[in-house]
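The structures come next, written out as structure tokens.
The following pair of complexes shares a single chain, chain A, combined with chain B in the former and chain C in the latter.
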Partner chain A sequence: MSEGNGTRRIETPALARVEGEGAMHVRLRGEEVLGVELRIYEPPRFFEALLRGRALTEAPDITARICGICPVAYQTSACQAMEDALGIEVEGQLRTLRRLLYCGEWIQSHALHLYLLHAPDFLGFESGFAMAAEHGEVVERGLRAKKVGNRLIEAVGGRSVHPINVRVGGFHRAPERRALEELREELERCREEALATVRFTAGLEFPELERPYELVCLRPEEAADYPIDRGRIVSSAGIDVAAAEFGATFEEQQVPHSTALHARVRGRGAYLTGPLARFNLNRERLSPLAREAAEEAGIGAGCANPFRSIVVRAVEILYAFDEALRLIDAYERPKRPAVAWEPRAGVGHGVSEAPRGLLYHRYEIDDEGRIVSAWIVPPTSQNQRSIEEDLFEFVAAHAALPDDELRHRCEQTIRNYDPCISCSTHFLRLEVERG
Partner chain B sequence: MNSGGRRLLIGLGNPLRGDDAAGLLVAREARRRGGDGVEVIELEGEPVDLIEAWQGAARAVLADAVASGAQAGAVHRLDAAAGPLPATLAGPSTHALGLAEAIELGRALGRLPGELVVYGIEGERFETGAEPSLAVRAAAAEVAAAALDELR
Partner chain C sequence: MSGARPKLAVWKFASCDGCQLSLLDLEDELIALAERIEIAHFLEASRATVEGPYDLSLVEGSVTTPADAERIREVRRVSRRLVTIGACATAGGIQALRNFADVEEFVATVYADPSYISTLETSTPIADHVPVDFELHGCPIDRHQLLEVVSAYLAERRPAISEYSVCIECKRRGNLCVMVAHGTPCLGPVTHAGCGALCPAHDRGCYGCFGPMESPNTESLAGWLRGLGAETPDLVRLYRNFNAGAPAFRAASEAQEERA
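Presenting the complex of A and B:
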């Protein structure tokens, strides 16, 4: 849009197809990028205050309400932080159930993003429902994947949104093996469809952008496990630390334009968490089928183009189906649904891989099991700097594009991250200002 | 209008964000009153899950909070089977796919209930940890009664 003073500015009232609300502002003089700011204005930190004085047992259910898409991530990181503080370990079939529950969340969250939010960007549609009119079969495939993901969460977690069966130490009730086996047929069907989806995404056209990210994700101590439910924190620049070292390794900074804190590696800078990081640092841990599909999709040797994250998500959906089936095969109903514990004072740390990246929780609890302090670092706030840096580079390389095209590509750049702005903190407004 | 098929009342919302709980309050009130053969569902998550939730329903009523600038507790009744929700009520949603979009997705796929009515209750506070306002509680009871009446 041209203004009288020679400034050009493009606005969209709310960036669609992201979870939560925020704004983006791009300033240009000629083809020089003056600045890029991702603005997030909902204050999320009320949850940390809300938790103080509550029983430690409430943390998994309260923090799950931060997000309707990744409640299992919040519940898992919260439980594991509390278990760390209490000095208990949740292993064997209980860990199997936790990982299986998490597979359900990966499937439904990735399916929503891939099929309904991100794919329209590559196919030139304004929205998922505009795409549905022409690509109904692709959208139906996405809805089926999402549904079976939800059913898996229901089978283990009691209901699909904000599961009620999760507790510190394990579960309230362990599901019958039969209840999980009933899902096999639909999981197998959707696994085949997921394979078709990897091929579908590989055939999309990707804008050129490769960035030297410091990739950060978890790496489980179990050598065969792709990172989902737990692990050590590792990076492409050599970080290899336990969850307890999160605060010593990363720092959060206030920035004036956002209510989400910006995270960075201490002494370095931005880092990237999420599917690209997990895949690049752990792809040898994928199931043979998922590895083969990644090879065929042309990302077998790694992937540094954030636009190709849609292919990586497709591979991760395929993996999650494979892994869920493997876990169901290995499942035997445990005698006890949870590990017993007694309250004690302490500090605990929990990490897990939410669909969009690393989710860290830290709690201090008193000797009666009440929460003294809570610290939650969601993936989107960790990725905020990388999102801005991607935007900066992308706009710098494509400043000659017409405003509408540039705005669309900027939105797509943000959606590469499947940002959960409601987790990190509300509406994404997008402004491009040309001076 | 009662010609077989599921009859559904679906309340949407978040119980930890003040007036955003409006739809859930409607569902709970409807359950207390008991609707003859009406299924009551509370949905806290992603509105896109509605497409599965109303599978096979001949008639459905949805209740949700809205923020259009009207007075708190004001009730909007919309016929979603007839056409898209008006833009003034379509937002805001903190979800990637809001209620209005989920309805349009269902329409595009030919998967809307034959009758679909949306009640929007105007909210005034949506802060984390807040209790629902008195105006919204009163409106929720009124909507529960009206919705059960429609589904009878």
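Presenting the complex of A and C:
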């Protein structure tokens, strides 16, 4: 769209194939980029406020409702923060179950994004449904992966959206080994297909864009574990801190053009969390099968192009299948489904790797087990600044593209992040209007 | 709906996206469904949108902003049938806890300054704003029930969704009663069926995520729960969560508060 003063505006008033409600605005004069904005207009839901006064046992169920796509991430970070405050450790088979549940979420969430939301950008379709007509096999493979991911969540968590079996200290009921064994055949089949998907994504065409991100993710203390359910917070620029240091390491800033707060590394700037960060900083921790697949896909030495995140997600899906099968092999039903605890006053911190990246929870609880304060930092609010910097660089390099194509490519630049806008919005600043 | 394929639209208000995700979670039926109906507006899944009117609109989420209070009227105007899906759309959702609090206090505690985003003092269900043809309960909804509702409207019939309690489902499933056997507080006797009695099957009491059944006796259940040792704040919290704004649960939590 041209304006009288020679300014060109590229706008998408309602972003599609993302979770939640957001808009994109890009302004150019000639080939000079004047500004890029990822605007979020998803209504705020006040989670940190409504958690106050609730029992600490309710935090996993309540915070799950922040996001229907990654409820396990919220439940895991919430549980671990409470367990930190209570001074208990959840290890052994209970940790196995927690990680297994999380593998299910990675599989269903990554499969949804990769096959139904992101792949259509590369193949030139408006949706996964439209893509199915010509690429039926790919879409069906995606739906099978998503389905078995959901079945895995159901087997451990009872339900795929907002699992009911998760509690502070572990689970309400530990699943029978047989219930997990029943999934083995389908998990193995989908693991084979995930390998084919890594090859499929490696063959897509990627716009050129390499950015010098500061990558931030978890690194588990167990040397063999790829980051999923827990770990220390590390970065490509040398951060290596415990979850409790999150607030001392990162800060949230208000920017004039956005209603959501942007996170940054204190004293530095934007950072990137999610698949690219996990992969680049931990790829030696992938299973041999996933590592070889990454090698074959041409990202064995690392990957700094956000458009190639689709390949990294494919590798992570493959890993999650491998890891789920390994965990099922190692599973023996524990005698008790949860670690016992007594309420005590304290502060706790919890971190885990949501499919989209680092998810931090902090709670203060009183001696009767009630929540005094809550602070939740979801991955998409951490990535907002990087998303806009990607957009700026991409538009600056491709300003000559016609409006429609540039708009589509800009949307793709945002979708590279699998942004979860529903998650990020309780950070909105707001104004009360009397109804 | 003769001739062309019926047009389906999916709309989002304040919510977590989990109920519309349930449509995409119909992995076995999704492609067949997309062939029988035209997915005309479903931003979470497709960039392409077709203009209304729509034969069936599925609405997720509650109304929490002045702009959304306007938008739902427009959605109603372009929808032949409008079905609300999930606790947010049918009862205001967990965000309706603001209805019991001082919103300004919420704001002052959490956010430093007022800004350009506006919010209403309450989170309200869609039916408070426009006529609704059918309400499908659950936080989240059950995907098989969703398929039944969509199929029913395509066939021009009423959806076959049971209105009895989780207790009935629990007995049918052969679960041990967690309240009788373990003294675990359970909302099963007053909660709308639909989940398949998941929580009791996992040795846990029902926490009411499908909202109140038709004519629930919340007062009687509260008495039994007090007998198990529950105190007023526990009872208020039990009735005041994901369906806090549903009239029967709202009345129940307020009745407990008044007793204190």
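The rule we apply is simple: the second predicted complex is superposed on the first by the 408 of 435 C-alpha atoms of A that agree within 3 Å, B and C clash if a C-alpha of one lies under 4 Å from a C-alpha of the other, contacts with A are read in each partner's own complex, and residues count from 1 in each chain.
The rule is simple: a contact is a pair of C-beta atoms (placed from the backbone, for glycine too) under 8 Å apart; a residue touches a chain by one contact, two chains touch by 3 or more.
A quick note: this is a predicted structure, and the numbers were derived from the prediction, not measured.
J.: Quick check on the chain A-based superposition: chain B and chain C, clash or fit?
T.: clash
J.: Go through the superposed model and pick first if A:Ile69 touches only chain B, second if only chain C, both, or neither.
T.: In the superposed model, A:Ile69 contacts both chain B and chain C.
J.: Could you tell me if A:Gly158 is touching chain B, chain C, both of them or neither one (first, second, both, neither)?
T.: In the superposition, A:Gly158 contacts chain C only.
J.: As a test of reading the superposition: which chain, chain B or chain C, is in touch with more residues of chain A?
T.: The partner that reaches more residues of chain A in the superposed model: C.
J.: By the touch definition at the top of the document, which applies to A:Arg184: first (chain B), second (chain C), both, or neither?
T.: In the superposition, A:Arg184 contacts neither chain B nor chain C.
J.: Go through the superposed model and pick first if A:Asn150 touches only chain B, second if only chain C, both, or neither.
T.: In the superposition, A:Asn150 touches chain B and chain C alike.
J.: Between chain B and chain C, whom does A:Arg54 touch in the aligned arrangement: first, second, both, or neither?
T.: Touch status of A:Arg54: second partner only.
J.: Now for A:Arg29: first (chain B), second (chain C), both, or neither, which partner does it touch?
T.: Neither partner.
J.: Answer with first, second, both or neither: which of chain B and chain C does A:His172 touch in the superposed model?
T.: second
J.: Superposing the two structures on chain A, identify the stretch of chain C from 111-119, 129-137 or 219-227 that clashes with chain B.
T.: The segment of chain C occupying space taken by chain B is 129-137.
J.: Kindly list the residues of chain A that each of chain B and chain C touches, one partner per complex.
T.: 14, 16-21, 42, 44, 46, 50, 62, 65, 68-69, 71, 112, 116-117, 127-130, 132, 136, 139-140, 143, 146-147, 150, 160-162, 422
J.: In their shared complex, at which residues does chain C touch chain A?
T.: By the definition above, chain C touches chain A via 12-22, 24-25, 27-28, 30-31, 34, 39, 42-48, 64-66, 68-69, 93-95, 97-98, 101, 103-104, 106-107, 109-123, 139-140, 195, 198-199, 201-204, 207, 209, 237, 241-242.
J.: Would you tell me which residues of chain A are touching chain B in their complex?
T.: Within the complex, chain A touches chain B at residues 14, 16-21, 42, 44, 46-47, 50, 62, 65, 68-69, 71, 112-113, 116-117, 127-130, 132-133, 136, 139-140, 143, 146-147, 150, 160-162, 422, 426-427.
J.: In their complex, what parts of chain B are in touch with chain A?
T.: 14-16, 43-46, 48-49, 51-52, 91-92, 94-97, 101, 104-105, 107-109, 127-129
J.: Sort out for me which residues of chain A touch chain C in the complex.
T.: By the definition above, chain A touches chain C via 14-21, 41-46, 48-50, 52, 54-55, 58, 61-62, 65-69, 71, 112, 116-117, 120, 126-130, 132, 136, 139-140, 143-144, 146-147, 150, 158-162, 164-165, 167, 171-173, 259, 337, 411, 422, 428-435.
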